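In this document, chain identifiers A, B, C, D, E and F correspond to the written order of the chains, with residue numbering beginning at 1 in each.
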């Protein structure tokens, strides 16, 4: 076994992303979908940081991107939860399958 | 100082506008402060205007070369709109007159509006009104003029409807606004036509182009433009048949009426026609239309005024009538006479309105002249200034009205339109009659015991006195022996009309006759039996006149029958044809949609699923088929 | 005296070095030794603090406090703990068993993790982390989750209410705390705790940043859920908040964790504002770590004094105070600090 | 030796991350999901530490584990209804989604493995003062995104407050 | 707009803040109170019924157990009611002793009210200091009657025994120290900004509502109604003393609390004056001449006094035998509790505790 | 000023912390009880005349008294107070015409066993029948002797009982 290289991290990221994607596609609870999207964002962050470390260690572009991603994720969770709560107040449900008013 | 004022003439409208802003945003809670701000700014504006006017009138250079400052407002391909000032003798005269009257009205208002809950607001409106009018006067192009024109309309709406708790005030404000809006539509069309045909709206450029209009368009088109442009003034200046709003406009506070009727709103139309004289002058027919409209309006309004009972209403119809005079003068091609009358009329009409306001103030808004009487003893300043105004409007020399009216009659006579001249002469007689009928009824005769009039405070009488002086001597700048006016304000070349002694004398005679008749009917005859008898004898005529020829009722009928009827027909068309098409296409879409909607579940996750399927497919296709794109996916350089 | 602990650790290192094992192993052993030492220190201290709290309470309330078990009641806490250990752990029906049992264990983790970077004295931090202060704030924020787990897993309405209160309160007061600490960080320009202590050689930051200290202290009290911010366990309202259903050892662990948290906040206050191991008035005869302890104990006493003096605030007052007073105040403090730094910099200080 | 340690910790952390992420998805109780999510985040922070991103690791813990999860917990509590033990179930798309995700993962894995040689690796050293460097970067080259992010957070804050605000129908007094 | 689910919380019967076994069913919206349902009766002992099977004298120890925090006042009300029924004049010395002990009792009760109120709001030390003073009072009660809480000291026709000699130095010491102690409560509890923030403006009880619901005692006076039976309808010899009736302004929790603090000072004044006048009296009997077996004439009587919690009334019906036909007690705590729901609505859980504490109920009295 | 109240509170608690404590260390130190203290009851058996006033005065029927009449004289057999129902109102003590019933300064009445709770003040066996008979006889003799004496003195001493 040769040490750990960037490929390992990318594979880890891919796996995490897949799990998150899977969750986002198949969970019923809206909040659950939201946290699965967080998983996906985390996978992206791992990728960014890994490439930053192995490709351009002297600069911090990847890390900076990650910081921005984290920022956006925080904002997204805040607003997303607010929307879910608002919907819940009206419909008394967080089941995404009940939210089908997006058609006609 | 004078130089400064001339080159910074934009300050004249700007100062009242600033006052408006200050009052609205800062000083509204403190009424006295608001009025002080308003008057201070107005005074500054007046001083600037006076200095600028002085500068213009002392330098002959400006006779033919107006002072123009413009900046580009916005520009694009084929449409360049400037904004700027256009200072020539006409506009200089106007800014001087408007700012002076506005200033006096504001000073007057401090007394008249005292204690009103909307005191500050009123002054802010007055400031804005003056600013709009001054801006309009100084406009360097038609569009700018139109903008201020509309602002003037807005302000008049606000001020007429100032007592918005009164239904009649609200109705009057709406009427004024809608009527003038109707007319403004014509004006806007005219402006558009000018822009399309000449490609510019600037007066200086248009002045160059208009004489050679054949290069751009046909004579018929020119006529159309002129007529369209004229529609605006017809509305704004209360010409027949759009005069209906003007008498109702006295629903606003009296200082507003004075401002509207004397200096600002209504003369805007006259000014607009005068300003665009270069267009009208090119088409005879348009000029004739103006003349006929003016003459008819003058006569028509005068006849109505004979029978009216409310003091402000009589004055309002007299305004309509006098405006008709001005239009007539323009129509017969005499800008000089028209503007001269505008000038004198501003003073005596403002004077009379303010005096009427003073009377109403004293009588607690009892407006019927028949219920007044002998007021001159209790209110000497108001009474005598009113008498001066009456003499001026009736055309008794040497008061201002005589000279300007004489000028108009002369111009009409010389233009060869004798019928119009006749109409104008009769109007002069009627004017003298109904004016003095009012004066005799209100100020002379027996005092009515139920009235307890008192003289108004100084801040109301001082403007009256100032205006009375101006009404008395304001015409002396344009007498045949001192033709200062004629040297400065003219269209084309300096106007020089030989004084016609016959016309002069006949006009004096007519005026004297009118006054005399009024004296006979209303002073000598204590019981006024003759007047009543006359009214009874010519009952149909009297009723017709008293009801203002039923014009309002005709409009009502027109609206109800013609407009509503045509609307009904259009409605049917809309329902069956237009809606048919619309609904038909909707039905087709709906039918399609009912099939297609099964693809849209409304569930986000399903969409995401499909989305990722596509991602997968694209990735696989890109990565495994095309060598060049696989680089894209796999990254890095080969 | 000053370097006694450093010397001890050095000699241990030498001792292992003799064995000739790989350096990594040596490092591992050293870390284990340090961690064990710190753990022992903390747990024993927490026990002592429980006793101290009760003594302080007693003296403030015209009584003696514990005085039966052992001399002057010194063994009271030990007795209590042994009693609690011997008690049955009751798991309420409907509780989330695993989480219910996990929460008291986990509650110790964040403070202990933070203690790894606290400089107990000169060169006496187990790990001298580059971003020490930030690490403290980050890890400390984890305990919120654990409190909430305890509240939620109990399946009790009071517990849940308490859990929600903990979360709301700690989140709200974390923000002013971070911002208050930021004032210090701005002055020093480092997040390393040892460096921050060294930067206070001339002037303790309590004098340079009095407002920040005050905010930090108030936020610290709230973070530890102590009076007047002890809403989470306000016994007159929601019985004992998240701990209502805990009995026996579970309760004891929460109890000790509270004191660990108090100690942690006090240590941080001493480090950030009170000059850490630096001796005041040149009293270097007392070793640095002792000074540190003295300062920490002053802070802890302050905590106790407050607790036995003040009533409790209401939950909306608490949140309002946090968001409407402390946050703007700390922002203003940052702003003023920034301006002051720039100005002093320009003046050549 | 250090290399071996790194390898071992990488595998451990990866196992923790993937396992806890799977637990996030599989748990039938939404609260458990969130707690597993915390574990995932902490594992990710560990990965950052291995990648010499000390600051980012702390940010990850502070923001994700400390704040985001708490927020989600609040969301769960505010939308609680019925039995929380079965609050996080699968829906009917499982049959399609599972193979799809599998395919995506294998495609990604294949492509990653296939493009191993294409990554331009660098032997540079990570600067010692990570926090300082990040600060420098944020306030020089990236000051506009930085400020934009600040505005984004503000907007999100206001938006969230507005959306989640309860419409009060009656007043207290 | 649908609202979030209502949350029902059972506060009590075993809860630290309910002052005994009171159960409050709280209907919550988040932490905000929608409705409070007090459930009483956990401490019901049937004292009124028990009284029917006892002789007139034997009822006295049961009255102790109504408001066990101010037992002397309960005794006083009952014995005065029976005396009124029988038309007994009691010796002046006994009157003075009664005043002294009942005002002491009032202070003792208010000490508890103030202390537990501090405790309810989380200030534990504020709980201990008033207890210190109460302890001294109870020592004195022990000297007088032999019991610390349930004294049974008063008798129909007087009191059980004259004051003992050792009582005088003790009460003088207490009177000297007490004002500074009240100052201490003021400093520790009243003046505390957190305490004020918790109580001011909370649970406002309007003057009209208070009168309508027949609220009494400091709870009523906190709402600004100046009604104290000792002033309004003096019983016993209360008209001989100079004291004021403290009155609140807004009717919030703070005013109710602060009324109690001020009442303690006024009671202190009354005791001082009573003691002074008592010492000038010659010695004499403390019991009127009453027969050994009491047989009041047929009839009924209602007598009310100003208790520590409010107006305490006794309604006694006699059928001419040795045992009362019916005894009914108007318990101020029970009546004051009526408005709890209304005062709590819209406030938070923590405020329920504050409001309940400010009403100062004793469950022994509520449930009777 | 905001905060002054908070500081004052701190000052008060600080002062109190330094004040010497007066707590009595209960089992070690003895609390001096006043004379009137209502503690354990004591009965002067010799003074008691078994009149039953105390039994009647008790509101709660705490006192159980058994007597036997021997030779027209009441003799106290059992005097048991079911102390768990006692209100300590003191009516029994007050009602005692002979001041035979009184208090002790002992308040530690707690017991480990329930059957130990009742306070047994007098517990004597009834006299055996022969002893009783003997006493009766003795009394009868005495009476007879007295009668004889009376008759001898000629009914002078009438009130002698």
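The working rule: a contact is a pair of C-beta atoms (placed from the backbone, for glycine too) under 8 Å apart; a residue touches a chain by one contact, two chains touch by 3 or more.
The model shown is predicted, which means the values in this text are computed figures rather than measured ones.
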Contact-graph distance - origin subunit C, target subunit F: 1
Of all other chains, the one whose Cα centre sits farthest from subunit C: B
Chain pair with the most C-beta contacts: A-D
Chain of greatest Cα-centre distance to subunit D: F
Subunit A and subunit F: spacing of chain centres that average the CA atoms, whole Å: 83
Subunit E-subunit F separation of Cα centroids, rounded to whole Å: 32
Between subunit B and subunit F, centroid-to-centroid distance (C-alpha), Å: 116
Geometric centre distance via CA averages, subunit E-subunit D, whole Å: 61
Touching two or more other chains - residues of subunit E: 1, 3-4, 125, 129, 188, 192, 194-195
Multi-chain contact residues (two or more partners), subunit F: 6, 9, 12-13, 16
Of all residues in subunit D, the ones touching two or more other chains: 55, 59, 67, 74, 78, 81, 91, 93, 97, 100-101, 104, 119-120, 130, 166
Subunit F-touching residues of subunit C, taken from the complex the two chains share: 56, 59-64, 67, 305-306, 308-310
Residues of subunit F defined as touching subunit E within the complex: 2-6, 8-9, 11-13, 16, 33-38, 57-59, 87-91, 94, 103
Residues on subunit B engaged by subunit A in the complex (per definition of touch): 593, 597, 600-605, 608-609, 612
Subunit D-facing residues of subunit A, complex: 1, 3-12, 14-23, 25-29, 31-32, 34-36, 38-39, 42, 45-46, 49-61, 63-64, 66-68, 70-79, 81-86, 88-89, 92-94, 96-97
Residue ranges of subunit C in contact with subunit D within the complex: 22, 24, 96, 99, 129-131, 134-135, 137-139, 141-142, 144-145, 148-149, 152, 160, 164, 167, 171, 174, 191
